[in-house]
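Next come two complexes, and both contain chain A; in the first it sits with chain B, in the second with chain C.
And then the complex of A and B:
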């Protein structure tokens, strides 16, 4: 059976049109704007690499880049390991396991704003956590008013929100781990810990790389947690501002510096692309060994 | 950016805007026939004021046969994004509800009709200070009909004052007393304030905020003001969240009785009554703290974009919505005040009936006659953020008050260009 050569394109057209309009065109436009002094109400003039020179001298950029990097480094290990452990518990078929799985997945489907508000109430200087701390004889802790603790609090929320999502990915991967490998290891006398390190982890390594890559990208691009916990301010003196938050603060509103915000977005894209390429390369190298 | 209208909150919305030169709004369009269809966009008036707005629209259509006004209300969240998207696309509605700080960048980009050129006889119909709030000093031109205004008293928590041994009937009347009383409250671990000063607070303190086309709030008086806040912060007279909080957050802390004093509006009083009855039972109301003799004023307006295909009708409708009769009706519904020169003469704004609401209303209406919009129209969101961040650094001792203000002013002037 033959078909006209353009027939597949007709099927692709709707999806392609949406992709071009809402992803590729804005992306290309962002690159163009990065080399201009565009504002929200004007396309601006071509300014060459001025935005990038300014960025190199902008302490806010370096602070935001440092915070984003720190965020990524801190959230990736728990987001790779904890969901795996939870998935191993959740895959057991025992009565009531559905409730357990649902409990862990709930934060994933909860609105980011609702999650942010709940954690703000919990961690506020007069919030539940501080009330407990005070009742136990301690002094109130500035979870949301100290720039370092604000970052740590946001990381905790990010990990909490990510557990369920990555758990589901691990559950799918665990279902594909051959049972006979575990049985063979058991026959050879391997205990549960040994089986975890020698059977489960090697079998799940591609999935772990995927989770690491996804959580690294999401960690570096963090916005909603830090925005909501800091009330949109980036913490006292803006000291907890991350890259995406800096982009938002710079480019928002009718008076936003869209050109500079685009340059920041472009640099963020390059950093994230670099991260993904490194991850992929490491994964391939290990595959070849 | 979280922004609240007076109707949804109060007076935290810095508003002011207008002016700019070189506008070529066409008089021919303004003088053209009032007919055809226009779109009127408001900011979060549905569903509470649906009947009122529909009534205004119907009355206009009856008065001007052959006109159709399509009313579109946008929610408060995302309003700015909506205006920005429409402005970028050149498709703003014919009549838009904007505060001055939104009308300023639109006017600067040449997108709004200059009312001083298009409707030369309109100016006397409005309070001078309200009209001026839509102008840029020295440059002329007005880009919005002043609509509703607000100003407000200072609310304080009498119970917290009593706990600290302060006379609950003698709240601070000036900034010096504010610091003295705040330090006394702090001794009892009670915070007086929920936020660091806004740009309007600098104006109320008597600081020259903006002069000769640049920001100047780092002048010695500004430094003195921040030093006072630093002393209060160090003593614990500001809650820790004050360093990152906007007006809305500070209001919530006052409602939760975590701070002893907060500026407010007539609208807030009703909110305390229903949402915080224990606070309402102890609420004290006093005049705004100002060193200049003039209270702060907040306002909204309606502007007509140049892109309107039916400018004559849009201008006529903008004027109609903001005329004395319609504004007074609206003000009675919404705890706001009219910006027309005659609107404030209505007995509703001049006569007390013994209730707290009437007392606040009459006092606020009186204040509005001399009130000033202390927030320069040029003061953008990014500048607000820069000031907040620099003040936080000053409070935390990372910078001296002088250095923090110098840095804030430099950043604001850079953004001005």
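And then the complex of A and C:
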């Protein structure tokens, strides 16, 4: 033995304590609470599946679920494709490339709050974007006052902020694409578009699946962008509320319905886990090909 | 010709990426007599007065100090705590090692949003709601960092440590003197991400904090926007205060970052 039997546990103690107290325990407790009528003040009574029955009849839940789902479906394609194109552009080492890469990554460093505030100002009814629209002969658009446009604006912000993040993932993957494949294709007379579809895309497919999964999960979890662009209200009449926002609004404060919020959290967890399992399955199929 | 095309495309994306920040900065240095709605990136009469003025309406420097404190503690606890756990998982043999690994791995699968409300109850039970300790604790040793560092320690050659064992070095000495200095690259990435994550975090501080003097920058800014939205210059100054330290920190460490990210992805 090179160490006493309890030594490893001393090394693990802080990490395990944080993990169990602040992730594992709250997670298990969330599942228990989902089947109770707990409020902010008391732990409540066991109520079986009442919370889930209520959810099925709650128009707010369906609205939030629809918004989150719509959000996810709309942000994934641009987030899979655009960062790849940017990565291909930023891959080649040319003078000043470090500056460009760093600049492209800036929106990722800035917090969702900073980004949200900047875009709230850009998309203001009298903001910069509307000034451009007007200069081009259009009429001012209520980006932040219409519930559909608010969702679309928020998606644009999410995509804008994700470009640099997924670019880095693609950059790392592109470094591993064998050069001779490209050269062979070039010898065969394949143009850049042809090479993109028949060399780059196939060899990056696992990375693209990963980016699709990450952006889907993050899209479904959206909170900050919607919160800030709507000034915390979830849009006119709360029509742009998403799942996480609904959980936060339901469970928070002295009037918080902890039981119902936990049931909503449970559904969120199941959906996200489902997304993850689908990705793993897709990845496994890739391996078999 | 090809090079011209390449640079034009790069410049176009550059404009899209940092244009919004420049516009926010331009707004933040516009004087009270200048129309902020006019699309003019260079103010006629630039002033830093808004940075002083924003502190008069909300305690923005207190917010910044709170954020700095929370982020700094988060960096230290993550680097040290995650390295210790990662070292035990990678380098020490003991019963229950698999179980410990499974606990860390499974907690990565739990989305934070799903335990938000339940975590708030835990904090209330501990009497730590509305405290900065309560803000730091849940992310203080992230399971992802534990696994990142475990992988880094696994990649180190075993021979050096075996020699140290023969020389009579105990596990703690081997950890601090041999293992830790060898994973500097990974530690920099963990530190940078921990700082960024903590500095940028919004949802958890929003839920756990209620008194204005405890606010971190992110919720302080959201509050500022809600209350003083009519003066866009002040909101702009506030956002620049929030984003500038991170940009500087990133510029300082960007070489490590792009290298560390590349390494991680290749070994992944």
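Before moving on, here are some points about what is shown:
Criterion: the second predicted complex is superposed on the first by the 269 of 289 C-alpha atoms of A that agree within 3 Å, B and C clash if a C-alpha of one lies under 4 Å from a C-alpha of the other, contacts with A are read in each partner's own complex, and residues count from 1 in each chain.
We take it that contacts are C-beta pairs under 8 Å (C-beta built on N, C-alpha and C of every residue); 3 or more make two chains touch, one makes a residue touch a chain.
Since we're looking at a predicted model, the values are computed, not measured.
Clashing of chain B with chain C is the outcome of superposition onto chain A. Which of chain B and chain C touches more residues of chain A is settled by the count: it is C. Contacts of A:83 after superposition on the shared chain: neither chain B nor chain C is touched. In the superposed pair of complexes, A:219 makes contact with neither chain B nor chain C.
With both structures placed on the common chain, the touch criterion links A:252 to chain B and to chain C. Look at A:162: by the touch rule set out above, it reaches neither chain B nor chain C.
Look at A:276: by the touch rule set out above, it reaches chain C but stays clear of chain B. Look at A:265: by the touch rule set out above, it reaches chain C but stays clear of chain B. Contacts of A:145 after superposition: chain B is touched, whereas chain C is not reached.
Of the two partner chains placed by superposition, chain B and chain C are both touched by A:126. Within the superposed three-chain model, A:230 lies in touch with chain B and out of touch with chain C [touch as defined at top].
One listed stretch of chain B collides with chain C once both complexes sit on chain A; from 19-27, 55-63, 73-81 or 199-207, that stretch is 73-81.
Counting contacts by the rule stated earlier, residues 124, 126, 231-232, 252, 256 of chain A appear in both its interface with chain B and its interface with chain C. Of all residues in chain A, only 2-3, 5, 7-9, 11-12, 14-16, 18-27, 29-30, 33, 86, 89-90, 92, 94, 98, 100-107, 109-114, 117-122, 124, 126-128, 131-132, 160, 163-164, 168-169, 171-173, 175-176, 217, 221, 223-224, 227-228, 231-232, 243-244, 247-248, 251-252, 256, 258, 261-262, 265-266, 268-269, 272-273, 276 touch chain C in the complex they form. Here chain B touches chain A in the complex through residues 1-2, 80, 83-84, 87-88, 102, 105-106, 108-109, 111, 239-241, 243-246, 249, 256, 258, 380-382, 385, 388-390, 392-393, 395-396, 398, 415, going by the rule given at the top. Chain C meets chain A in the complex at residues 3, 6-7, 9-10, 13-14, 16-18, 20-21, 23-24, 27, 37-39, 77, 81-82, 84-85, 87-89, 92, 94, 96-97, 100, 103-104, 106-107, 109-111, 113-122, 137-138, 140-141, 143, 146, 165, 170-172, 175, 196, 199-203, 206-207, 217-219, 221-222, 225-226, 229, 232, 235-236, 238-239, 242-243, 246-247, 250-251, 254, 258, 261-262, 264-266.
Touching chain B in their complex are the following residues of chain A: 40-42, 124-126, 142, 144-145, 230-238, 249-250, 252-257.
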